[in-house]
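Common to both upcoming complexes is chain A, partnered first by chain B, then by chain C.
Moving on to the complex of A and B:
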């Protein structure tokens, strides 16, 4: 089997065992979603006429909660530990490309908990809390494809976060700030259409709109075929950018690496 | 008295050790500032889009936001030992604490005073200063005193939750992530006036966990606002007290937990 495919499969299999953690995650996400639905409901009460209707906003919130685990929240903890302990030497001696090894590890690390958590959230929010399922099946499929693109983007960013640990050792700084920026500019806190008009172009161009905002628009059927392709192109461009940056940084890091510890 | 002296000794050691890594301290504090401050960007975006939240303006909401964030930051810093207490139970280190002829609570609190929480604290402070200056509430001494009372009350309330989380780990061994829904979720909830939530939710955060008492009611008293829920204004002047009562109650449960503690034996 292709080594990268087996990396993804074994890691997903391993991570799927964390069912209790997933249960805690699901209830946290449901609670969080409920708070946000109530907050937005109160804001919408007086001025309903917005770039986003309230029922769309509710869908936005729940889609966000469903893919919460997909976000590039932190570098790979195991890589972080390896850099500190010196075990990174083993990683360097593997007969496969280190970048893609880390990329697919990150992909699996994000995919497994998202798989575990999103189905129950979809089910519960769909039944009780106003997450409407698109009437047109192609919208759902389109959303799924774009979300997979978001997952690839998340993996490419996570890989860079892990690589940055090779430079900083402790993994503070960038690895904390980047996710925070990604969080707000993806629309997880406030849906992007509600941001000031003058920001829209900028928000759309940033890579983070590819996580939630663009897939959401496909989900509610606001996207034509051409726009769908341009969304995928936007995702692909950013994934390529982060992959090349990651590869470049990793090459530099490997050349000047100091193995810690004895 | 002796306990207090011990606490200050322990804490000063903890601060010194954190200051050894000054660059790391500055970076993580700044990171904490941005990471938590981003929430206010969200609040700002909402108000700039919708204008008002029922009859609340952005500067008024800033008071709610500041109280809860400063209180939570204080609690995160001081009660860090309770927040990470499950590790002590898992490793069996709590046995050592019990063997020492000193107060257990002081020993756990003394483990760490997490300085980087100054990040959240200062963003809360910045927000409340901005809101307060806009609303001109800082010229009244009673208002300032109540503000301080509310901040300390909210610190006490969250500390109570951390103690409760630690107590649960006596039985569950692992940390219960579910408590995060009332700590972090509580902060998120209380950044907005409690009157916007539905009844069962309001009831929970008023009577079970008295979150409303440490920011919603006092904010009404400070701002001279009329409560749509019909609570009298004077209540806001005394309600932060319930934050402290909650902490006291949580310590009682903690004592019960300690009496029933069985070591993991490792």
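Moving on to the complex of A and C:
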């Protein structure tokens, strides 16, 4: 088997063991989703219609909850632990490219829990809480493709967060700062279409719109074929940017590495 | 025999941040951090033939692990040349590491939460080992190390001895021509140590794998390695066989005698008494100046002897004297 595919599968196998974590994740996400649907319900009642209709907003919220686990929140815990303990030595003694090794590891780390959690959330929110499934199958497929693109972007950012641990030895600083930024600018708190008109271009250009906002627009069918391609191009451009930056940083880090603890 | 490893004048310096104690010191450290240069390796040179089994010893912090990490392509030296099987490790890391195996005794390369066999299969894919050879290697290794019964146990539930045997297997699945072992017997109980040693010497004999071991357990070295390299403070102190090491640094022998009666005043030829315990007295003597039979005869003339042992001083003492002398 291809080594990178094998890394992804092994990691998925490992993460699928954590059933209780998945169950806890699902109930948390359902709970927050419900609260946010109610909060936005109250807003919409007072302020009337927005650029986003209320039922679209509900879809936005549920899609966000479904893919919550794919956000690049943390550096890889295992890599963090390896750097602290010095087990990183083993990682460097493998005959594969260390960057892609970590990239695919991160990919699996994001993909496995997302897979595990999104189906039940789709099912429950779809049946009871107003998550409409698109009537046009191509919209669903388009959303799926763009979400995969978001996953790749997520992995490339995770990889950089993990690499940053090689410089700081700890990684907690980035870990605390990064999610706050990603959370706001991805639309997880307030859907991006509800931000002021003058912000829209800026928000769209940032990498964070690629996780939830852009795929959402495909999901509700607001996107032409050309726009669909430009969404993928936007994702690809950011993925390339993060991959190159990550590779560059990792190369520098490896040259000055010292292995802790003898 | 072909040259396996050639090391020529490698140097490596680490920078260690020095922190002052106390709150004030910590605050001062925010603005002005001082670094101390720590020379881990100081123009170290040696060469190793393919198929050798080398013991690499030295006190803590001598630079053993650093050397192993440079040889296995993990660290870059500041200076010097190094070739392993004709490749400079850090210049061509990927093709280099596919031909070597490493085991760091204090760490594991297995995936903590997964059954052992999953880690093996992942390593098979990472090293691109053809399936047939993988099966064959795994069969052989698991037989030699008695692993079959633990294949499906998650790594976190293995005992240290089981884990070490799995780590050895993991390092050998891709049939490396050189195996680096950094303290492979650390923390193991006696039977596990024996199993690991027996396995290593068989591996070296049957497959001709070059094995380089760092250890503090000198029994490992005595039972496995014909040749030892001793380093301290990043410099090579000794390169040769264990017997020569003993001869050149610690010539004395030990004579252990059980007497019939307890002698409080005991004087023969001004022998040095190393220890005495009831009726048993241990002397040390230099075999170059007096031979053991002559010595024993002289003692027997004056005293009643129940039992006699002549032995070499334990290798631990030889080594610690060597470390001690080199620190002067």
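Here is the rule we use: the second predicted complex is superposed on the first by the 262 of 262 C-alpha atoms of A that agree within 3 Å, B and C clash if a C-alpha of one lies under 4 Å from a C-alpha of the other, contacts with A are read in each partner's own complex, and residues count from 1 in each chain.
Criterion: a contact is a pair of C-beta atoms (placed from the backbone, for glycine too) under 8 Å apart; a residue touches a chain by one contact, two chains touch by 3 or more.
The shown structure was predicted, so the numbers you read here are calculated from the model rather than taken from an experiment.
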Chain B versus chain C as contact partner of A:123, first or second or both or neither: neither
Which superposed partner A:177 touches (first chain B, second chain C, both, neither): first
Partner chain in contact with A:90 - chain B first, chain C second, else both or neither: second
Which superposed partner A:144 touches (first chain B, second chain C, both, neither): neither
Chain B versus chain C as contact partner of A:31, first or second or both or neither: first
Touched partner set for A:13, first chain B, second chain C, both or neither: second
Where chain A meets both chain C and chain B, residue numbers: none
Residues of chain A defined as touching chain C within the complex: 1-3, 5-7, 10, 13-14, 17, 85-87, 89-90, 92-97, 255, 257-259, 261-262
Chain A partner contacts - residues on chain B that touch it in the complex: 24, 27-28, 31, 34-35, 38-39, 41-42, 45-46, 48-54, 176-178, 180-181, 185, 188-189, 192, 196-198, 201
Parts of chain C lying in touch with chain A, wherever the complex brings them together: 14, 60-61, 65, 69, 72-76, 93-95, 97-98, 100, 102, 104, 106-109, 111, 113-114, 118, 121-122, 125-128
Residues of chain A that touch chain B when the two form their complex: 21, 24-25, 27-28, 31-32, 34-35, 38-39, 41-47, 50, 170, 172-173, 176-177, 180-181, 183-184, 189-190, 194-196
